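Some structures to go through are shown next.
Two complexes, one shared chain (subunit A), two partners (subunit B, subunit C).
And then the complex of A and B:
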């Protein structure tokens, strides 16, 4: 369980807090999507979850962030890293080796995983991401989508209870983006891992997340099931978050009195709703 | 005019990226290149602006092969917006950044100053801001402005909306639309099919280093064979129209099955709902 209580943070060089009064409880095994306009504070929230704040970025920290009983202010960063695995927005900045296998090995060796466990964990992580065939490849020769999967596999090998990903599909085509989310959702289901994803692609978040969090000017504006959050399409647009087009369509049909159901999250739900409207 | 004639290209001789690509882009078009990661789109863009030369075949800009054009001449004819604005921003102030291209082309002077002033006003920049302290969206806009200010006849945009939020994306793309309306040829690589549908009038689809389709945007986005061959995901409303026509064959010949935008689908559904109600009323009467 992750409990963020009245959390505020002001970077040392800033005049004002970047996030303020954040209260959020994330149950074990939840798939959480966080989105918001640029500069809304969503990346700062991920830094709080993976311990980068307060351990690497100096500033004023108020409230608490507790992950599986560990208060991130009371433990060292390595302890947080044993629980929370992070994938950066720019995966190239995360790689420390040049070969896929070495990259997945690196974290395991650093964490002192017994030698006889390492081979199995490397193979499993690569298989979980569907990239066993890339094991001996030079990382720089891989496509953007393949690199993204290597970065995620190298974190999965550490068996984190919580996975935090900052825009994991920013540079991927739609089919590869969907594939990464499919893999994450399946992995989370099979291993009971909590997944927190920051993304601009709200259509993907809405499709996969159990809990959708909208951050606006450093505060949580909405935190609910995606369909409930998407009912507020006008307000979301005002704060720089665009709804999926299928959601916008059904919300407008509702406003015109042609549809009386709940907001939809994706094309499949819109299709089912429209079949009733047009029956 | 930009012409690709059976172009083959690679970064290393052993790793061919483009395998016989041919197309012609006429002046004033707005063309989107779509396809999966690794399909060869960015390589094609590098050939347009001469960063890469073909191994075989020809790339012609206004009838002249890029192999015969000097870098400065190519830069004057083709402006290039990199996917990451930090790949091209290099000055300490917004004004210096916007003047950089003029200086590089040996065109600095009062006329350049005037054009930079006009762009600063049009884009709403602060001339003295440090580019590296601007947020990602503003840096992307500055990178775009530093191309627009030089008024090249062709602008190439490699993933112009990646990493931008909805408002930033709309701001960047509205400016792109404006320069296109002024006559600039726009060539854009884009993964966001909603952006492609909203702005481009023609789509060139690439897969595994070849062109697999080249047609008006919605002809491409409604071509199921193309979508499947190139692993493309259609825009949501197009996808919805496909699925409704499949599940409700009685809609196959209606506007619901042809709707491309939210407005079109809204009008089509309203029309169908009205027709259904009219039929029900006449049956009751």
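And then the complex of A and C:
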């Protein structure tokens, strides 16, 4: 369970808090999507979840962030890291080795995973991400999408109880993005892992997340089931979050009194809803 | 094509050697270069360096490196020519003269620096950075923090070079002509680019440090490395040859 209570944070070099008054409870095993306009404080929120704030970025920290009973302010970053696995936004600077296999090995070696488990975990993480054939490749020779998969694999290998990913599909094409979300959802189901994903692609988030969080100017504007959040498509647009066109269309039909069902998340659901409307 | 000092996969003997043996042999090779002033001996060492590069398919990077070291050592050579007056007089100077001995000393310096550099740089092309770190921690018991710092520095060189290339390409797209004019103009154009490069470099190293920390960097100990690095017969043989080269260099230095 992750419990964020009245959390505010102001970076040392900024005048205003980047996030303020954040209250959020994430149950174990939940798949949470966080989105918002650029500069809304999404990444800062992930830094709070993986302990990077307050341990690496100095500033004024108010409230509390408790993960599996660990208050991130009371323990060292390494303690948080044993619970939370993180994939940063800029994967290029996340790599500490130059070969794919070594990158996946790195965390396993550090956390003292038994030797007889290591090979299995490396192979499984690479296979899960569909990059087994890249095992011996030099990381700098990979495409952006492949690098992102390597970064995710290196964290999945650690079997963290909580996964925090900051725009994990930023450099992936739509099919690969879908595949990554499929994998994350399956992984979370199989391992009971809590997944928190910051992502711009709201259509993907709403398809996979149990809880969709919209951040606006450092505050949580909505935190609910995706279908309920998507009902506010006009307001979301005003704060810089573009809903899928199918969602906007059905919301307009609802506003005109032509549709009374729940908000749709994709074209398939819109088609089904329209069939009902036209029937 | 790999970047500067970036590992190139392969199966040659140099690739398969123990990382510590490679480092030790390359260091001994460099010591041999600096222990002798015999031009013929140094020329032989230079040839051996290129032969080693050829055995692991690294001839092109070795030639590139040799050119870079040559350019750098030319500066030293010029200073040496102007300040060391020995041998038959070729050119009179107000403070002495340039002689055949001056030219020979300068040539020796150039050959020595190029010969010493090739095997040292070759080590990084044929060894995974992680293997170097783990091997020096496991075999030499160097504290992991120091080993990681050293290899991270090497790891970041190609990344920063790529960043610089990217910044230069962006500037070229905006009309800056890096390819026109001489070296002085090019350097003058590049100086302002050092600021964005420095900013991005600091950001990258900070992010890498955080990434290492969230993956248990502080928990790492001597026994953490998964791979083992045993010494094979050829590792011992190569080190013995390197020691023999040092002995030869010292002997030649005393006798000649």
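One rule holds for everything that comes next: the second predicted complex is superposed on the first by the 279 of 279 C-alpha atoms of A that agree within 3 Å, B and C clash if a C-alpha of one lies under 4 Å from a C-alpha of the other, contacts with A are read in each partner's own complex, and residues count from 1 in each chain.
Keep this in mind: contacts are C-beta pairs under 8 Å (C-beta built on N, C-alpha and C of every residue); 3 or more make two chains touch, one makes a residue touch a chain.
What you see is a predicted model; the values in this text were computed from it and never measured.
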item: First (subunit B), second (subunit C), both or neither touched by A:33; value: neither
item: Subunit B versus subunit C as contact partner of A:86, first or second or both or neither; value: second
item: Partner chain in contact with A:109 - subunit B first, subunit C second, else both or neither; value: second
item: Subunit B versus subunit C as contact partner of A:245, first or second or both or neither; value: first
item: Which of subunit B and subunit C A:160 touches, first, second, both or neither; value: neither
item: Touching partner for A:176 - first (subunit B), second (subunit C), both, neither; value: first
item: Contacting residues of subunit A [partner subunit B, same complex]; value: 36-39, 89, 143-145, 167, 170-176, 178, 200, 203, 237, 240-242, 244-246, 248-249, 252-253, 256, 258, 266-268, 270-271, 274-275, 277-279
item: Of subunit C, residues touching subunit A in the complex; value: 2-3, 6-9, 128-130, 148, 152, 155, 158-159, 162, 203-204, 207-208, 210-220, 224-226
item: Footprint of subunit C on subunit A - complex, ascending; value: 50-52, 56, 76-78, 80-82, 84, 86, 88, 90, 92-99, 102, 105-112, 115, 118, 136, 138, 140-141, 154-155, 158
item: Subunit B - residues contacting subunit A, complex; value: 35-38, 83, 135-137, 159, 162-168, 191, 193-194, 231-233, 235-237, 239-240, 243-244, 247-248, 251, 256, 262, 265-266, 269-270, 272-273, 276
